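Chains here go by letter, A, B, C, D and E, matching the order in which they are written, and residues are numbered from 1 within each.
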Amino acid sequence: MFLEVRELSAGYGQGRVLHGVDLDLPAGGALTLLGRNGVGKTTLVSTLAGLLPPTGGRVLLDGQDVTGWQPHRLARAGVALVPQGRRVWPALTVQEHFALATRHGGRIWPQERVFQLFPRLGQRRRHFAGQLSGGEQQMLAIGRALATDPQVVLMDEPSEGLAPVVVDHVADALRAMVQAGLTLLLVEHDLHLALDAAQEVAVMVRGRIAHRCPTAEFRQDLPTMQKLLGVAA
Amino acid sequence: MTALLHCRDVQHRFGALEVLRGVQLAVTVGERHALIGPNGAGKSTLLKLIAGEERPSGGSIHYRGQDITRYPAYRRARIGIGRGFQHSTLLESLSAGQNVALALTGGRLLARQGDCRRLAEVDVALGSVGLRDMAPVPVAAMSYSQRRRLEIAVALAARPQLLLLDEPAAGMSGEERGTLVELLRAVPPTVTVVFVEHDLDVVFDVATRVSVLHLGAVLLTGTGQEVRRSREVQEAYLGGRREEVPGVPRGA
Amino acid sequence: MPTTQIAVTAMVNGLAVGLLLFIIAAGLSLIFGMMDVLNLAHGSLFLTGAYLAWWLGGEQQTWPSLARAVVAVIVVGAAAGGLLSLMTAPLSRRSHLEQALLTLGIALVAADILSALFGDDVHATEPPPGLGGTVVIAGWTYPRYRLVLIGVAALITVGVYWTIERTSMGALFRATVSDRDMVATTGVDPRLVRVGVFVLGSVLATVAGLLGAPIYHARPGLDTTILVLALVVVVVGGLGSIRGPLVAALLFGQIESVGRAVLPGLASFLLFGTLAAVLAVRPRGLFVLTSGARR
Amino acid sequence: GNSLDAAAARSDDNAIKVGLVIPQAGVYTPLGLDIQRGWDLWLRQHDGKLGGRRVTTVVADEGEGPQTGVPAVQKLLQNDQVDVLVGIVSSATALGVRDLVTSARKLLLIANAGAGAITTGNSSPYIWRTSFTNAQVAAAMGAHLAGSDVRRAYAIAPDYVAGTEAINGFSKAYRAGGGTIAGQSQPPFGKTQDYQPFLSRIQSSGAQGTFCFFGGAESVAFVKQYSQFGVSRTIPLYASGFLVEGGVLKAQGDAADGILSTLHYTSELDNPANTAFAQAFRSAYGAAPTVYAVQAWDAAAVLSRAVAQVNAVDGDRLSKALKGVGVISDSPRGPWSFVQQSPRQNFYLRRVQTNAGERVNAVIKDLGPLDPQS
Amino acid sequence: MIAGPSLVLAAAPLYLAPYATTTLTRILIFGLLAASLDLLVGVVGLPSLGHAAFFGVGAYAAAWTAGHSTASPMALVVAVLAAAVVSLVAGSVAVRSSGVFFLMLTLAVGELMQQAADSWASVTGGSNGLYGVPAPSLWGHVVDQPATTYWYVLTFFVLGMVVLRLASTSSPGMVLRGVRDSEIRMRALGYPTTRVKLGAFVVAGAVAGLAGGLLAAQQRLVTPADVGFTTSALALLAVVIGGTGSWWGPCLGAALVIVIRDMLGASIDGHGPLALGLMFVLVVYLMPAGIARFRARRNVS
């Protein structure tokens, strides 16, 4: 297993949000994490990226124990994050984002390849991120994560604010990434994208993984889905 | 019927970047008018121009037949143009009730806040979004979804005749989207709504008319059906594969 | 004295003052404009550099004493920068007001320590032989050290400008201010960035103190004078870039010399009058980072 | 004062309590230190007594101006209940405490502040000074220069009250002697260290000499730049003696050589009182005495005389005694007397030169006595 | 809220020594200055480094009026009007900027006013200031004893505090707080935020001017330093110590600052600035409690 999460718990201040998450992902695997608002998806992803210290449990990356590592160390070990809410650097231009994020000379995802994926971003390369439209910022956040040449990408709602046609591009990109051997953990509300990009689906309920199955199976099992996600049919 | 809001040949540029190149948009009273379009098409910019946060570099904006192009933002608010925000700009150090009360007094500095009638109105406004008991709670202590609902309560409490919303469904899970759609449908028919949204389910569930913004101009205005059928819109915005996944509701 | 000579003297002088001002302001601008910490102890660093120049070289510096002083100001500046970075770290998410009060407090304490160490007298120091004295070019008399200062300061200016504006270092600093977590997720330790900026900014200030010692003589109170000048330059220039302070420093250099010569009656009002006038027209300084395309 | 002193004072009804108000923080600290030294030296030489009474000294920090100075005086008067006040460097503080001192009916002996207004016009009968007036010092130079071959002079002093008084005092005396003012400037006070724009104006004014009044750090910067920009080679510098008095002279280095200045004292004065005083001062503090130290020393001296004549130490009696104090002939500065509660005293023309490896203000000429309001 | 402490305060001279009464008077004056600054810092979120400018304008205006025309409380009215006019002019430039630019613009305003006080000698007395200001007179009675001065100051202190209280609570106060939290939202709700901020600036300036007028009446001396940076910085310190946005806080902060500066500072051999400096540092590290009240809430978000 490339990424192994054992009994992970974490939270903010006194309050605990994750209550023992168990999850593993093989190298090159892609998993979508679903769940209602506020169940702790973002908290899990932040903890895996090192932004929140875990209060219990262990995280192994390619067999190495990386529990409690600082985010920059995890990044160097190959973990990249596309955070919820974009979190681009408003006072930096698009190009500067790439200049800072690029590791190993941008072998796999050079800036130009990202611009092919998101042509709008290419046209805005000299603009400050603070001036970009919402969707453009989202593209930039994805591009920044790719530029670090990661082995695992954690994506927190990458489709938020993107036009449907761009969401399709993102789906293409995700598939390409997985084919290139990347490991992907995706949090997504848009089921099209969610089911398109991943082979497996996990559903989170109140800080735990409640259900996990292959994508195809999930598509067939609408009642379970509705129960877990609270979608009114 | 005459238009409540009329944008005539509105243009806007940021430095050398021409974002809007002559937008024509007419919105009649009671409409639920959705603005859709590719990222960076200028939807948010157009909303800002209507709300008065930015001044257009060309063209004019008319509201109830009045030319409001040069009005500052607060004056537009006073004549009935209300605005909800995508990223929460709720007043963190005040309570939910005070946030609503500030909207109720609509820009008057010396309004009497303690007044019983006003308190009742605050209760009604909060109740309409299911936050009746939250009046004394400071915004900083509220959860994300509570804030989103308060956001809408505040926008409505200002009793706008024209309500502008930018991506109200962003970041919401399926369940919450459902609630949002109901909330928007429950807005009284005297209130006209113009909203930007990428979630097409929300768009087609709520909107009575849809305008597609593309390359800085309105490509097409029509009903949801008409827009869905348009080939140009398909290419520029919707993408091809959307309809190919049957049986799966969008937005879980 | 012919008017052309007066004009040349004034402009050259303005250049010398302006460049020195830039080195001081650059440090402040790095720490403030890029790290977002309002460091009111910056003037104390300058004064420390000036005292070190006098302490190691006495009234008349020698080349060896200058060499020792260079090493000393760099070491002391780096140490002070590290300390400041540690002391302000707990406040990094608090308001500017609290940072200002803390660093103002540090400045007051530093002033007391400096006056205990070096006394309350004015300490002037002359540059080493060959750099001091007066040059006469075609009847035009000018202090040689100010010409030397122009040269050295210009070199430092180019170095700083290039490092910040032409490498991605400046972008890294700005990114760290606006969202350090995201910097960390690209593999850079934001704590190191912070310490680095403080050390660099502080060393620039102590080096400026060494350079400025023969002109602004070390004395109690000089810290505040210099701090206010630097603040004005940084703010007028606009935050977040190094170009802003450079232009503003050169501008104020000229205002201080040419402006005073032309408008002696308003001399006292020039500095803050200009500040108010610039900010009245451009409320965010001359160079605003977040508008328009860059480069 | 320490607790031992205080205990002794309480046991002795004759004891008097003096409040010494001097700058202990800020730019005037060196002056404050010299004043304290002059005061302490006198007391040490006189058994810790003034006019036969044991003295307790309470020191308060005057700071840089009235904002700290006035509360300090208030504290001494109301809280420490001192009998006499001595000190005060800043004129604004001296003027600011006028009503306070008057309504408390306590004697204030000013040991430095030089504003003319302190002892003229609406002045207080309780405020006397042992120092100088700004105009007096400058007038001494004006009169001297008018009698020399410098026919056109430029006047420069910082833009504050003392600077203006110095320029006016100089100009009045210089014009009266037949000289012409070629121009004048008042650079911002305390805001600049760069005098180049003003030096250019001096150079193009056609003056044959420059009169200036600066103190502290500004005097160092001005003297150095005056030499570095080559002005001193063509237009000699003349000054109120404060320009080259005390610690600043060391900092000015050889740029100060040859500067002529007027003052009512220099450590080099050759009279028996000064020889003894200077020697005692050097052996006590390892530094040459300054005019500030002498002003404090003299304050102690006249206060001692006044105290000796009264049977109770209060402001009215002491003022009356000071009125009758006559000529003080054993001062290191030479003979002086009170005229309008301020000294009428001798002025000396001094030149900066090196004596025995130390830069000093050598006496060139005794310019004779001047009234305070000249 | 006001009545209780006011009664205790009113009785103070009856059981205090004259020096303590004088100090308390100074604390009231400085406290009123700090409280007016707090309207800007704590309520509207505009940290000003030049608030002493309006304090000084009030002080000079009152001193000048007392010296040239009347020493009655009319001098205070003149002080308030002068300060209001000056703050209206300065504010109309300053409130358009924000953050550190506001900080520097207000600093510039303070420095320019101080420079004017220094240079305009015919009116302000230059660096020596206006001294020998006549004590205030009420119906022919001269108010020049520590206790009477104290009561005179206290009366107007209470008046000023009531004005500040009215401006910072209830309806206008909520609007001001709203502007601090989000200007853009307040505009969208129909509030002319620039004018609101300017209004707060002028009210704060006018009350500072009142405090300045009281200074002229009590100290009977006004100098350029009363206009300058040091005074502004100390007022800010008082606000922070007391806790921004609180009611009596800034006055308590002012008390601490005045005691350290005037009583302790004069008698610790020139280490007054050191004591102040240490206090700045300690306050920021150890006493964020005052400030925490609104900061703590913010951090949750």
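Following the convention adopted for this analysis, contacts are C-beta pairs under 8 Å (C-beta built on N, C-alpha and C of every residue); 3 or more make two chains touch, one makes a residue touch a chain.
Chain-to-protein mapping (UniProt): A = ABC transporter ATP-binding protein; B = ATP-binding cassette domain-containing protein; C, E = Branched-chain amino acid ABC transporter permease.
Since the model is a prediction, treat every value here as computed from it, not as a measurement.
Undergrad: Which contact partners do chain C and chain D have in common?
TA: E
Undergrad: Quick check on the contact graph: shortest path length from chain B to chain D, in steps?
TA: The fewest steps needed to get from chain B to chain D is 2.
Undergrad: What is the shortest path, in steps, from chain A to chain E when you may only step between chains that touch?
TA: 2
Undergrad: Among the chains, which has its CA centre at the largest distance from chain E's?
TA: Relative to chain E, the chain with the farthest C-alpha centre is A.
Undergrad: Which chain lies the greatest distance away from chain C when centres are computed from Cα atoms alone?
TA: If we average the C-alpha coordinates per chain, B ends up farthest from chain C.
Undergrad: I'd like the Å distance between the centres of chain C and chain E, where a centre is the mean of that chain's Cα atoms.
TA: 32
Undergrad: From the mean C-alpha coordinate of chain A to that of chain B, what's the distance rounded to whole Å?
TA: That gives a centre separation of 29 Å.
Undergrad: Taking the mean of the C-alpha atoms as each chain's centre, how many Å separate chain B from chain E?
TA: The answer is 44 Å.
Undergrad: Where the centres are mean C-alpha positions, what is the separation of chain A from chain D, in Å?
TA: 76
Undergrad: Where in chain E do residues touch two or more of the other chains?
TA: 115, 118-119, 271, 273 - these are the residues of chain E that touch more than one other chain.
Undergrad: Please output the residue numbers of chain C that touch at least 2 other chains, ranges allowed.
TA: 268, 271, 291, 293
Undergrad: Taking each residue of chain B in turn, which ones touch at least two of the other chains?
TA: There are none in chain B.
Undergrad: Which of the residues in chain A end up touching chain C in this complex?
TA: 49-51, 70-72, 74-76, 79-81, 83, 87-93, 96, 99-101, 103, 126-128, 130-131, 144-145, 147-148
Undergrad: State the interface residues of chain C toward chain A in the complex, per the touch definition above.
TA: 168, 171-172, 174-175, 177-179, 181-190, 240, 289-291, 293-295
Undergrad: Taking the touch rule as given, give the residues of chain A at its contact with chain B in the complex, in rising order.
TA: Contact set of chain A toward chain B: 34-38, 84-85, 120, 124, 127, 131-136, 138-139, 157, 160-168, 189-192, 194-195, 219, 222, 225, 229-233.
Undergrad: For the complex, give me every residue of chain E touching chain D.
TA: Per the stated touch rule, the residues are 17-19, 22, 26, 115, 118-119, 121, 125-129, 131-132, 144, 219-221, 223, 225-226, 230-231, 261-263, 265-273.
Undergrad: Touching chain C in the complex: which residues of chain D?
TA: For chain D paired with chain C, touching residues are 26-27, 29-30, 33, 159, 185, 187-189, 191-194, 196-198, 200-201, 203-204, 216-217, 220-221, 224-225, 227-230, 233, 247-248, 250-253.
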